[in-house]
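Note that the chains are named A, B and C in the order they appear, and that numbering of residues resets to 1 at the start of each chain.
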Amino acid sequence: MLALTLLCAVFAGTVQAQSADDDLRARLNALASGGFDETQRQIDAIAATGDPRAAPALEALSEGDLYFRQSDTAVFIVRKEGSGYRLQDPLTLEDTGTAGRREVKKIRVNNRLRRAIRTALGTLTLRAPDPAARIEAADAIFKAQDVDSIEPLDAALAAETDTDVARHMREARAAAVLASDRPTQDKLEAIATIAARGDRDARSLLTGISNGPDTALHEAANAAIAKVERVQGLWDTARNIWFGLSLGSVLLLAAIGLAITFGVMGVINMAHGEMVMLGAYTTFVVQSLFRTAAPEYFDYSLIVALPAAFLVAGLVGIAIERGIIRFLHDRPLETLLATWGVSLILQQSVRTIFGPTNQEVGNPSFMSGAFEIGQLTITYNRLWIVVFALVVFTVLLVAMKATRFGLYVRAVTQNRRMSASMGIRTPLVDALTFGLGSGIAGIAGVALSQIDNVSPNLGQSYIIDSFMVVVFGGVGNLWGTLLGAFTLGIANKFLEPVAGAVLAKILVLVFIILFIQKRPRGLFALKGRAVDA
Amino acid sequence: MTLRFLSGGLTGGRIVMLALLVAAAILVPVLNLALPESHPLHVPTYAVTLMGKYLTYALLALALDLVWGYCGILSLGHAAFFALGGYAMGMYLMRQIGTRGVYGDPVLPDFMVFLNWQELPWYWYGFDAFPFAMLIALAAPGLLAFIFGWFAFRSRVTGVYLSIITQAMTYALLLAFFRNDMGFGGNNGLTDFKDILGFDIQSDATRAGLFAASALALAGGLVIAVAITASKLGKVLIAVRDAESRTRFLGYRVEHYKLFVWTVSAMMAGLAGALYVPQVGIINPGEFAPANSIEAVIWVAVGGRGTLVGPIIGAVLVNFAKSWFTAALPEFWLFALGGLFVFVTLFLPKGIVGLAKSAVQRLRRMREPQTPGRETKTPREMAAARPSEQAAE
Amino acid sequence: MTVKHTKSLSGLALAAMLASTAFTGVQAQEETIKVGILHSLSGTMAISETTLKDAMLMLIEEQNKKGGLLGKKLEAVVVDPASDWPLFAEKARELIEVNGVSAVFGCWTSVSRKSVLPVFEELNSLLFYPVQYEGEESQRNVFYTGAAPNQQAIPAVDYLMNEEGVERWVLAGTDYVYPRTTNKILEAYLKSKGVADEDIMINYTPFGHSDWQTIVSDIKTFGSAGKKTAVVSTINGDANVPFYKELGNAGIKAEDIPVVAFSVGEEELAGLDTGPLVGHLAAWNYFQSVDTEVNAEFIDAWHAYIGDDTRVTNDPMEAHFIGFNMWVKAVEKAGTTDPDAVIDSIIGVTVPNLTGGYSAMMPNHHITKPVLIGEIQDDGQFETVWETSGLVVGDAWSDYLEGSKDLIADWRAPMSCGNFNTATGKCGGSGS
C-alpha cells in the first residue's frame, strides 16, 4: 500500500490522464457494491491513488450524498430536488440531469467509514490551496495516526510555507511516527513534538504508548504526560470558571425578569417561567416563518425574535397585570396563588396550540460550533449567551437608574400613595413595569431556546432557580441578582466535578439556606422602611 | 384547661366539622363493608380510598393553616414534612414485605438487592416495628422543622425570604431522596407494599380502617389546632402574625412561639404523610416537589386562611375537582384548575369559609333591618379590612 | 347509584357519592368494550406520552372500522395521570373499578409502572406497557411490549465493540432505575468481555438536567486516553436536547466519540437540529425509516389521523401497535375479554410488527423483537446500520446480574410464576 501510494504520487503526473480518470471512476463506481467492509476497502484504494479529484466524491459519501443508479451502478453526487434528485458527476462535478426517488439508492456509511473517509481525505487534501483545508487534513491524519501518510506529509512539509500549517503537519507526522515501526530515536523526537501541544489529544496519544515494551519511550512518554497534566490542572480551573460564568449567565437571564416583577414590584410571580417559555416559543414561530419565507436569512431570525419575544411576553404580562394583579396590590402573597393559576393556564395553552412535544429551534451559524483558547473549548452559543446576559443587565440597569420611567417605577414601588399625589399615573407605571419584567423574561426565553428544550415544561425548570437567585442576591436589587447568579453558577460548577451534578445542586441549596440565616435579606439588602412591608 | 380552650375555640362550624369527621369515620366503613355492592348506599372501595387520601391532604392543609393562618409563616415546603412522614411509614411497610419481594430476600428490600447492597443501612434499623416507625414519622419532620426553625426564626428570616428558603429546603430534599445512593429507593421510591400491622393492605377492611384512621387523625388535628389557637399562646401567635416587631417589643420571645407552632405543624404534616402512603401505595421523591407545597397553600387559600375548617374544605374540594377534571376533561383540566385559582384569589379573598360567613352575616342583616350595613364589598375593601395581611407578609 | 340516594347522605359521604356518580358518568347507550388509556397528558412526561395516547386512539378507531371486537365497538377511556406517580395508581383503579375497562394501555416511566402494579394485581386486570425498561420484573397482569435490556442494550454494545472497535466506555444516565439497571447489566457484560474497571466511567445526572458543560468536558477528557471511546446514554427524555446541543457545539463528532442512546427516538430528535449529530447511534426495535409495506401504511394512517405529516413515529408507538393487536387477537381467541382467559390465550399469540416480521408473546409476558441499530441522519431520522438476523426474545431477568441470573418467568400452568428460581426450584425469588 505504501509502495502503491508512492508509485501513484510519482506517476500521477506522467501517466496519461485518460487512463487515470477511467481507473478512478471505476473505483468510485465500485463503492456502490457490497457491505461496509467492501466499501472500506474501496475507500482505502481510492486514498491510495492520491488523486485529489476523488475528494468531492468522498466528501459526498461521508455526508450521505453519494448515490448509485440502480440500473448501471454508476455513482453520482446527488442533491434533493422536489421529489427526486439532481445528479452530479462525481469526478467532473458536471450536472448530469435528474433521477426519481426509486431510480437511485444511497450508499450507506457508518461511523467507521466516515473515519476512514476523513483519513483518506486528509491524505488527498494535504496540498489543497486553502490553508484551512490543509490544517484540517493534517489534523485528520493526527487523529487517525495514519502511518501511510508519513511520506505524503514529508513531501507536503517540504513545500509548505505557512508556519501554522507546518506545525500541524509536524504534529500529524509525529503522531503517525508513534504508530509506525520507526526507530526509537524518531519516536522520542515525536514525543517531544506532541508533548509541546500539551492538550487532551496529546495526552491521549501519549497514554497510548506509555505502556509499550520500549522503556526509553515509556519513560519519555510518562514524563511528557506528567507535564501535560500539570498544564491541564490549570486549564481545568479556568474551565470551571468559564462553565460557572456560563451557567451564571443562564441563571441571570432566567432571573432578571423576576428581579423586576418580584424584586421590584413584590409580586410573587409564579408565571415568570411561562414568560420565558413564551419567549422561546416566539423564537420557534419566528424561525418557522424564516424557514418557509426566507431560509437564506435564517441567521437573522434571532434578531427578529428578540423584539417579537419582548412584545409577546410583555403584552401577556401587561394583560396579567391589568386583569389580575392590580386587584392584589394589598395582598402580595396572594399573587402567588393567582399567578400559579395563570402559569397552569399558559402551559396548557401552549400545549394545546403547539402540541406537547419539543419544538426545534435552530442555532444560527454564528452560534454554532466552538473555538479554543489554549485548551479551553468555548462554544459560541455559550459565549453569546454570556455577552447577551450582560447586555440585557446593563440595559435594564440604565433603564431603571437613568430614565424617567425608571424613576417612576422606583417611586411607585417605594411609596405608591405619595407617587400618586405627585402626579405619577401609578396604574400605568404598574402595568408597564410588569410588562417590562415579563418582556425581559421573554427575551431570556430567546436565549435559553438556544441551549435547552423548547417544550411546555421549559418555564417550570427555571422558576425555582430564578427565585433562589433573586432572594440570594437580595430582593429589589439588580446588582444583587447579577452577583447572586454568578456566585451560584460558579459555586455549582466547582462542586460538580467533586460531588457530582445532583449533590452539587443540593449543596448549593443548603448554602443558600445557611446564607439567608446569616443575611436574612440577601446579599444586598434594601435599607429603609419599605423593607418591613 | 384544654376543655376551656376548646370551648372558646369551638365555634359552630368547627363542631359541625368534628361531628362530620367522626360520623364519616364510623359510617363510611360500615357502608362500605356491611352493605352488599348492589345496595344503593354502598360506598365503593375506590371512593373510600380516594376520600381517605383527601382527608390526609386535609390534615396537611390544616397543619399549614396553623402556621400560615395564625402565625403568618407562609411555608412553601410543607410537603417536605408530609413526605418525610410518608417515608417513615413507607420504610415500615417495606420491612413488612419480608420474603414476598421479587428477589425473596428476607431482610433487604428489592431495590437494595438490586443495587447489590449486602446489609441494611443503619438508618433502616427499627423500622420493622410499627411504634418506632410511627415515632419517626412524627419525630423526623418535627426535628427537621425544629432545627430549620431554630435557625431561621432566631435569625429573623421572615416574609418571602422564609418562604423561599422553605422551598429551597424541600427542593434539596427532593434531590437528595432522588439519589439512589441515599438508600430510599431513588426515583421509584418505596412501593409494592403487602400488609400493615398484619392486615392485607389491599383488603377492603384495611382500606376502610385506614380511612377511619385518617378521619379520626384529622379530627384530632382539628382539636389540637383549635386548642392551640384558642389558648393564650394562640393569641400571641396572632399578634406575631399581625405585628411581629410590636409583639417582640412587648417582651414576648417571638421566635419561641413561632418555633413551637412550626414544629407542631410539621409533625401534623408528618402524620398526614404517614396515613397517606398506605392508602396510595407508593411514596417517592415526587412528593417533595415544590409544586406540591404550593398546591397545599392553594388548598388553604381556597378554603379560607386562618379558619381551620376552611383548609379542610379547600383540600377536599380542590382534590375532588382535580380527580374529576383529570377524568372528565383530560386535555383541558389545567385550564379549569388554573382558572379556579385565579377566580378564588380575585373573588373569594377569604376563601369559601369567608364567603359563607359573609353570606350568613348578610342574612342576619336582612333579618335585622335596623342596622343597615353595606351590601357588598369590593375585594380591595375586604382586604383593607384586614390589616393583618400586610404585616404578615 | 342514583343522584337521589346521594342526597340522603351529607358531608364527606356526599362527596364520596358525588365522586363515584361523577366518575360513572352517563351510561353508554350501546354496549361497548372499554379500553383504558393511562398516559400523562400534562406535567413533565406529557412530552412523550401524549403521542402514545393519540396512537392508541388511532388504533382503536381503526379496529372499530374493521368492525370492532367480538361484535362490539371498542370505546377508549382517556384519563390524565398528570405525571404524578401516586395519581397513576388512583387513575388505574378508577379505570378498572369505575369505568370497567377490559385492558389498560399505558405508563411510561418505571415508577409509574411500579405505582400501578399492585392495583392491576389486586383488581386482576391487564396492562400493556409499551416502553423499553429495565427488566427484573414479570407480573401476571402486565405485558411488556417494549424492549428488555437484552433487546436493546447488549446488542448495541456488541455492535460498538465489533464494528467500531470501542474499548473504553462512558455509561451516562439519568439517576433512576432504568439507567441504573441497564448500566449494571452493561458493566457486568463489559467486564465479562475483558474490559478493565478503569475503562468504564459511570455518570448519573438528575431528571431534566440542562447544564451539560462539565459532563461533556469530562467525556472528552475520558475519551483522550488513547483508546477508542463510546458513550452509552440512558439519559432520559427532556435532558437529551441540551445534552446533544452541548455535544454538537463542543465538537464531539460521532467519528471520534460515538454516543449510543436507548431513550432517544424520532420524537426526541424532533426538537433538535441533527446536522452536528449525524452518526450518533440509537438502538431500538423500530425506526420510522424502516422500509416495509406495513410501516408505510402505519405512517400514512398516523399522518392522516393526526392531521400533520411532519409528525414522526417511534418505537413505543410500534410497541402499542403490537400490544394492541396481540390483545385483540387474544380476546378473539378466548372469545371473551375476561382477564384470566386473555392471560391464558395471549401467550403464543403472534402478530405482524412494523419491521416486516412477526412478534410473539412469550410465556414471560415479554415479546420477541428484532434489534436495530441506527445512525442519526441530518433529516432527524435514523438509518439502520445493523440489525439482528433473527428475533430476540425479551428476557425478564438478566443473566448478568447476581440477584436474578437464576430467575425465570413462565406464566403458563403449572408453573405460573414470575420469579421462579431454577437453582432452588421454587417460586419466589432468589432468597432463602
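Some observations on this one:
One rule holds in what follows: a residue touches a chain if its C-beta (ideal position, glycine included) is under 8 Å from a C-beta of that chain, and two chains touch if they have at least 3 such contacts.
The structure presented is a predicted model; accordingly, all values stated were derived computationally and were not measured.
If you sketch which chains touch which, every chain touches every other chain without exception. For the pairs A-B and B-C, the larger set of C-beta contacts lies at B-C. The most central chain, judged by C-alpha centres against the centre of all protein C-alpha atoms, is C. Put simply, the C-alpha centre of subunit A and that of subunit C have 31 angstrom between them.
Centre-to-centre separation between subunit A and subunit B, using Cα means, comes to 45 Å. Chain centres here are Cα averages; for subunit B and subunit C they lie 35 Å apart.
Among the residues of subunit A, those in touch with two or more other chains are 347-348, 460, 502, 505. Shared contact sites, meaning residues of subunit B that touch two or more other chains, fall at 175, 178-179, 331, 334.
Within subunit C, residues 41-42, 175, 204, 206 each touch two or more of the remaining chains. Listing the residues of subunit A that touch subunit C in their complex gives 36, 64, 108, 110-112, 114-115, 118, 143, 200-201, 203-209, 239-240, 243, 246-247, 250, 347-348, 351, 355-363, 368-370, 377, 379-382, 450-457, 460-461, 492-493, 496-497, 500-502, 505. Listing the residues of subunit A that touch subunit B in their complex gives 268, 270, 324, 327-328, 330-338, 340-345, 347-349, 352, 460, 464, 467-468, 471, 475, 502-503, 505-506, 509-510, 512-514, 516-518, 520-522, 532-533.
Those residues of subunit B that touch subunit C in the complex are listed here as 20-21, 23-24, 27-28, 31, 40-41, 43-51, 53-55, 99-106, 111, 113-116, 175, 178-180, 186-189, 191-193, 202, 215, 280-282, 284, 286-287, 316, 320, 323-324, 326-328, 330-331, 333-334. Residue ranges on subunit C touching subunit B, taken from their complex, read 1-2, 5, 8-13, 15-20, 22-23, 25, 41-42, 78-82, 84-87, 89-91, 93-94, 97-98, 109-111, 114-115, 117-119, 122, 136-137, 175-177, 180-181, 184, 204, 206-207, 401-404, 418-419, 421, 428-432.
The residues of subunit B lying in touch with subunit A in their complex are 74, 148, 151-152, 155-158, 160-161, 163-165, 167-169, 171-172, 175-176, 178-179, 245, 290-291, 294, 297-298, 301, 331-332, 334-335, 337-342, 344-346, 349, 379-380, 383-384, 389-390, 392-393.
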